[in-house]
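Order of writing sets the labels: A, B, C, D, E, F and G. Residues in every chain begin at 1.
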Amino acid sequence: MEIILAIITGVLYASGIYMILRRSMVKFILGIILLGNGVNLLIFTLGRITKGEPPIIDSAEKVLEGVYADPIPQALILTAIVISFGLQAFAIILVKRAYKVLKTDDLDQLNTTDEDS
Amino acid sequence: MKTKFLSNILLMLIWVFLSGEYNFNNFIFGFGLSFIILWIISGNEEKASKKYFKIVPKIISFVLFFFWELTKANIQVAFEVSTPNLNMKPGIVGLPLDAKTDLEITLLANLITLTPGTLALDVSTDRSVLYIHAMYVVDKKDFIEDIKQGFEKRLLEILR
Amino acid sequence: MLGAVLLGFLFSLFLVFAGSYFRGKLAVLSSLIPLSLFIYFLTFLPEIANGKVIYENYEWIPSFGVNLSFTLDGLALLFALMITGVGSLVFLYTSAYLKDHKYLDRFYGYLSMFMAAMLGLVLSDNIMSLFIFWELTSISSFYLIGFNNDKADSRKSALTALGITGIGGLLLLGGAVLLGDVAGTYRISEMVMMRDVITDSSHYLLILLLIFAAAFTKSAQFPFHFWLPGAMKAPTPVSTYLHSATMVKAGIYLLFRMTPILNGDDIWHTILIVVGAVTMVYSAIHIIFRTDLKGILAYSTISALGILVFLIGIGTQAALVAAAVFIVVHALYKASLFLITGIIDHETGTRDVTQLSGLRKVLLPVAIAGFIAALISGGVPPTLGFVGKDLIYEATLHFKDAAIFLTVLAILTKILLFYGGFVAGVKPFMGKLPQKFEKLHLPSPLMWMPPLIMTFAGIVFGIFPGLIETAFAKPIAMTQVIEFEEFHLKLWHGFNTVLGLSAITITIGVILYFTLKPKHNLENAIARLDVIAPKDLTLKLSEGFAEFSRLWTNFFQTGYLRHYISVIVAFLILLLGYLIFSDFSLTLDFSTLADLTIYEISILLMLLMGVLYTVFTKSRLAAVAALGVVGLSFSLLFLFYSAPDLAMTQFSVDTLTVILFVLVLYKLPKYLNFSNKWLRIKHGVLSVSFGILITLLILRVLKEPKNAEITEFYAENAYKLAHGKNVVNVILVDFRGIDTMIEISVLIVAALGVFGLLKLRLKTRDKK
Amino acid sequence: MIDILVYITSGLGALFVLLAAIGTLRMPDQYLRISVNTKAATLGVGLLLVAAALFFLETSVTTRVLAVIIFILITAPVGAHLIGRTSYFIGNKLWENSYIDDLKGKYNKTTHDLKGLDKMEKNDEEAKSKS
Amino acid sequence: MNVHDYLYYIILPILSISSLLVFIRFFKGPSIVDRVVALDLLITIGIGIIAIYSILSNKPTFLDISLVLALIAFLGTVAFAYYLEKRNKND
Amino acid sequence: MTNDIIILPLVVHLFFSILLMFFWNKVNFQKVVSIVGNALALCVAIWAFIHVYNNGTQIVESGNWSAPFGIVFVGDMLAVTLVLLTAIAGFAVSVFSTISVIKARLRFGYFSVFHFLLLGLNGAFLTGDIFNLYVWFEIIIISSFVLISIGGEKNQLEGAVKYFALNFFASMIFLTALGVLYGLVGTLNMADISLKIAEVENTTLIDISAVLFLVGFGIKSAIFPLYFWLPASYHTPPSAVSAIFAGLLTKVGVYALIRVFTLIYVGSSFLTTLLLSMAIMTIFSGGVGAIIQNNIKKVFMYFIICHIGFMIGGLALFTEVAMAGVIFYLIHDIIIKTNLFLISGLIYRIKTTTNMKKLGGLYANYPKLSLLMAIPLFSLVGIPPLSGYWPKISLILASFNAEEYWFFGALIFGSLITLIVIGKLWAEVFWKDQPKINFPKKFIYFDQLRLGQKFTFVFPVAFLTFVTLYIGFGAEHIQQLSQRIATELMNNEMYINAVLKR
Amino acid sequence: MRTIILKSASSYLLPVLLLFSVFILLRGHYLPGGGFVGGLVAAIAFVLDAFSNGLDKTKGILKFHPGFLMPVGLMVAFLSGISPMILADLPMMTGIWAENPIPVIGALGSPLFFDIGVYLVVIGSALTIIFTISESV
């Protein structure tokens, strides 16, 4: 199943980047969300997959024993998810504001700051 | 005041159920927590003091009635979905309402929606009519009458 | 000596803060500074003449080996006296020349800074501090040349000079560092002892080239000479100071200093002789075509510098002595001529030599100075110029391989210099005085005394060459030449070849002066050749470079976000692809697929389809809804693979994002299909390749064993030490609590940002 | 005994879910789809949850299951109502075989007000119910 | 066949297939309303899957996740409805 | 508390950002608080610096979990030096902000976000954990997003969108690298990674993760070909913000590269070659870009890029001499680049423009101010003995010793371009007469400010200029420090032993 | 949206959801959940209320701007982080634990307060974001 996860991760990266490369700001946002998901899945997959054994100590036990999923990638992804959420929320609003001020949804129109001024 | 107290107790119980630990400390904790939450939302005050103890039997019978309707009509839909032909006579029907308060209307609408074949679409702004989408509107009058006599009447008995 | 160097800097610092009090009559007092320094250095004369060398050392930055080490030997003293001596006169001259100038204080500030830097340069015994002063001369000369900064020409010339001397300076830095590295010391006096190590080093050639580059740019050698005529835009005192005695001589000084360290190989001689010869002849010829007095002087200066390089290239004791003497000669007559030109310019308002004549009638002392200066320049006895010229011929005649050829070149140059000196120093005063100049009267003695003093000095030294011999020539020869031979400077050598050559030079020079008149059409004629002159070539080169820069920058700086990202992606693909395919032998292990259950498959399928749908749908809202599907699938996937916390969080966050999106979408326009098909294909290829590489990478990494030390620690201690059973949560709030603290700060800042973005509206009033 | 209950409830639950899925695919217009979904899925998922409660037979699980069920019972119809009315509001057409449309022309598109039944209709209704 | 196998080999596949069927509706649309409804139903089915999965993995605590799911799915529907009504145009 | 000295800067900034949020609307109060906060942070940073200088590398184990199990803060000489520089730049910019940033922006949490940004920078320098570094990076970028976009004017938003996109992308690459690295070694503590990575047999995988880090950090630190977004965005926000971006944001990328490539990925020839070629191209491309610009902010922008190349190249040479040069340059660059943007803000306040074609006559009208500005400009050029000069000695020496003549050429090229362009800038802005342009009426010009306000404008510039002068004339101290840091970096077992208490 | 059905449903959902959010928060140390998800659930409850009753009413319920919760929450987290430094001369973020565990929550210690801080911050920032957007729509 790691193969499938690896492929899906690849698909997420590819689609994320593809969408980021579009000119529409909305697609751009969709792209960063997809890419963010891809990265999370990559970390998750590379942390090795364990089915059905969450890293939670049984109420009767004191240590986590036997087979269990690695909690570290999970914690990392959790942090990354929250951070991405903040960034995405900001990006969405940025795009909205940019659209309002610049009157365009087209990222290609945002090229005046490269010009000489 | 009384309502608040009751809500408080209710929330406390929900808390205890949720957490699944039945001891004194947890009750106290739940009570305190509920108190805080009620305090926070106390901006939305409503004057609804109700008789809480007499309606229990009625509620039980209503619940049974509801589940019966639910099952019955689910089978109907199941039949409709799983047979090759579509034999429906759908339509949107305006149902004049006797229910007046928000709670009454909402409960009625939800119950109607939950039972198969019908879907409460909207309430008119003046709250006089509930528009219902139904799968089988053989006769509009009968349809309205069914609901008014069934759900609405039983519901209002409990709530009033 | 440190004090001597610092004095100039301190004075210029003083002028920055109190300069406004120092204009007007007080200005003349500033010449006390160079004067007192001149006297200070004179006091060393006896010791130096006795062959003594004085060292001083102050620790500055020992970590770099950069210290303020000073040395005073014959060479240094020669330059120090020249700098301060000519400096004193220039300071005096300036006080009258720029009397009412608004920024006279600034001018003195730059000038004294420049003087200090120059002094530091010639006194440094540490090549790094030499470099430091070298750069300071570049900078202060930048300010001096651009002093008339409201004129575009001045600014341009200053920039050109800065650019050319700047690159030289940087190469000198390279050379100095390398030299220091090879020699194991930055002390020049110690490097002399490491001569063999240096000349045998594999970096020798590189060092040589770097040092040469520095010297040639500073001393205006072909083809870097063109900044010098441009630098004539500066006020006359600047031209005088920079081009007669100081800045341009810095390169000569450097070559002189490096002679005992680097002249170990033919390459040293060859390059110097060739470059010096080309420069002296090339610019001497140019003199004929100039009508601007300053232009004539500029080219004759370049030519003189060429002679010096040429002499140092010859490198024999005779040549070095000749060079040393010629340095003095040149300083004296060139400074005088510049000052005279300044007076003429100042009084008549023109420097066009075709317009000027008969000025002796109104400016007699100046005319005397000019005449003597022309004599010195032309090497006419009994001036020091004659001594210098003879020494030069002596040196070329005894150069082993190409004595005749070199001598011919030297003679040619000297003839033309003779001509130039007379055109500049004599011609304006001869002939009829035009009517418009009749009302001129002699300016303040502060202006005409300095050239007169210098020219008289030229005669005095010519009659008593022993002064120069004992003071400079011998000490210099002793330190700069490996095998010192006794010699004597004389005005009269008797009848010999050299005297004959001298006679020829003067004769042809005189003939030239009377037959060849400076004409504008000549100047215009040569202007046509400018297209192939180094100046124009460099100009074109720099324009071409600017054009190239524009192309290069615009090629990358397209302004298109997607372009920037696709470059990065392509770069990554290149690197990752190279690494992955150069090493990997990927064997896929499909056995794990057997574990796959129907619910996993359906979830993964749904995830996959959701993603693809998001990408390919034409409806924005559908895309957003599809993101919801992706979020759900993710959530379930995490649940199946033992990450319930992730499942909850991922799903709530995804939904919240969707909600935000939905709320905002309605203000945004519909999807437009902006990009064309080819672009889509291009981006498709890019992104798919990247995706494939990521997949391969994951599969490869998964084959490696994983170290679980940390994980096991958490599993063991989450409850025992951290009192929690949900290990993920324990990590978040305890083991790695800092992460979480910052993570929530991120959320806060994002919220602040959203709030600000939406609520803050700048009114025009606010924009101030 | 408990196992059998689990078999039955989960089986029925899955069945209803499946029916809802098929219904979603087959039904000809949005309103019918919403209608089918809401109940079949609610019932189906409710049963699945009950199966879980039965399996574990712990108070905390049961209360949790109850909480989820109640929550779904509250939210599912409200959601259906919202999306159904939106669907009508934005002008999604009824299935061509539909029989009657009392809502037609009742929405004010700018103020989002919804009118009650017209006088005519009302009288009509009342007359009918009285007879 | 024990409970485990029953749930594993019969119930979960049925639920999975159901979700795929719903996804087809999602895919087909045609209206955005259909997609929103389909998404909502998918999540509801997800709740069912979680319920069964919690039995299979013997982790009743997973049921809490289903509550979160239900809660948020509802919010999603509300948001879409809100948006569609405001925008007043079919996308 | 004495054990925790090195993290006090973090505590101070976090505390002040919270405090400032409580006083949301009280702008004048916020100004005072922020200056006090930054002054305090400066004191604390100096304290930490001295403490580490005297006692060697300090470790703080957050949560009392020893490395590699918890997040460890490592105050080695490099980290505390950068913390100190951050504090210096932060202090200057906060003073400058009080007068140069308009009230409307201040009313929307400017200072709070500013402290978050400084918090992030300090955290990034101090952390010993690679994932924690990611988190610090994120607080940095989100704060910078907010600072770059707040006010939302047209080109600001354009800049912000690009800035966001690229930084987000960089973060994703960083995370990818992290994932790969974790998958290989199962640990996040950098010292621990350094040890465990030696056990990984497949060096290609290590190279891959290194490349990912290189690109992730490279985007932030603006290396060729990853920097193209930077000139389009850094100059768009108010000068105070640009200043902190210019001085510190790219440098934190450089810092990360230095850390990662001295501690974790040591000695791969592939990486060295790659890094060096990128550095050369960066110098070239940045220099070439600077030539053609007319806006002084943009000129400085390209210099940021150009000079990043110096540092990256030095890192690639990977000798102790080169590293000392890199560190010296880093110290110089942080102060100087911050100051340059403050100066451009000052010029804007005087003339309402930063376009060279429209500027002129500054020297005639503001001679003392001009001379003040000249010092940083010439320090940038590296006119000896000002600060930019000294590190070049080490870099040039190192390039000769490594026989990397291309890099030597690039150094000369970069320095020459800097010299020429600054000369041109001086000629245009300071020397040339003021061209006739329409000066807007509704603008509070520098001349119209009260004396105290003028002082507030000039003080930060003067303060940073003073620091620059110290770096130049006190080069002995800086060089000793740089050499010490270089030694610590080149012998990474010192770091590892301190962290893992071996 | 003008629909009394949603309106009245949400007025009952709000307290329940808030309760649920606290539940999720407190049990996080033992079972899936925690401050972040808890905070999100609470935020969602308010958002739901805002959708159905209008933003102003929801703000009325809260009595203060949700943004205020951000510094408060962060301050709580911050204090729980540095209290070991100040109180016990231990490194930052060291857990300080009460002797005996209490019901539901389990062991009582500074990490719990930290999580509460997270909870508040999440509510504050999520609500700030969503409310701001809703207002500007």
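Just so we're on the same page, contacts are C-beta pairs under 8 Å (C-beta built on N, C-alpha and C of every residue); 3 or more make two chains touch, one makes a residue touch a chain.
Chains and their UniProt names: A = Na+/H+ antiporter subunit C; B = Na+/H+ antiporter subunit E; C = Monovalent cation/H+ antiporter subunit A; D = Monovalent cation/H(+) antiporter subunit G; E = Cation:proton antiporter; F = Na+/H+ antiporter subunit D; G = Na+/H+ antiporter subunit B.
All of these numbers come straight from a predicted model, not from anything done at the bench.
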Going from subunit C to subunit F via touching chains takes a minimum number of steps equal to 1
Of F-G and D-E, the pair joined by more C-beta contact pairs is D-E
Computed over C-alpha atoms, the centroid farthest from that of subunit B is that of chain C
The chain whose mean C-alpha position lies nearest the overall protein Cα centroid is chain F
Here the gap between subunit A and subunit C, centre to centre from mean Cα coordinates and rounded to Å, is 49
Taking each chain's mean CA coordinate, subunit D and subunit G are separated, in whole Å, by 32
Whole-Å distance, C-alpha centre of subunit D to that of subunit F, is 59
Whole-angstrom distance, CA centroid of subunit A to CA centroid of subunit F, is 27
By the touch definition above, subunit G meets two or more other chains at residues 1-3, 5-6, 9, 16, 20, 30-33, 36-37, 41, 44, 47, 67, 70-71, 74, 78, 92-93, 95, 125, 129, 132-133, 137
Shared-interface residues of subunit E (touching two or more other chains) are 15, 17, 19, 36, 59, 61-62, 64-65, 67-68, 71-75, 78-82, 85-87
Within subunit D, the set of residues that touch 2 or more other chains is 15, 22, 34, 42, 58, 60-61, 64, 67, 71, 74-76, 78, 81-82, 85, 112-113
In the complex, the residues of subunit D that touch subunit B are 15-16, 19, 22-23, 26-29, 31-32, 34-36, 38-40, 42-43, 58-61, 63-64, 66-67, 73-74, 76-78, 80-81, 84-85, 88, 94-95, 97-104, 106, 113-117, 121-122, 125, 128-129
In their shared complex, subunit C is touched by residues of subunit E numbered 8, 12-13, 15-17, 19-20, 23, 26-27, 29, 32, 35-36, 39, 42-43, 46, 49-50, 53, 59, 61-62, 64-65, 68-69, 72-73, 75-76, 79-80, 82-83, 86-87, 91
Subunit G residues touching subunit C in their complex are 28-37, 40-41, 43-44, 47, 67, 70-71, 73-74, 77-78, 81, 92-93, 95, 97, 101, 106-107, 109, 111-112, 114-115, 117-118, 121-122, 124-126, 128-130, 132-137
The answer for subunit C against subunit G in the complex is residues 644-645, 647-649, 652-653, 656, 659-660, 663-664, 666-667, 722-726, 728-730, 732-734, 737-738, 740-741, 744-745, 747-748, 750-752, 754-755, 758-759
Per the touch rule above, subunit C residues touching subunit E in the complex are 597-599, 601-603, 605-606, 609-610, 613, 619-622, 625-626, 628-629, 632, 635-636, 639-640, 644, 647-648, 651-652, 655-656, 658-659, 662-663, 665-666, 670
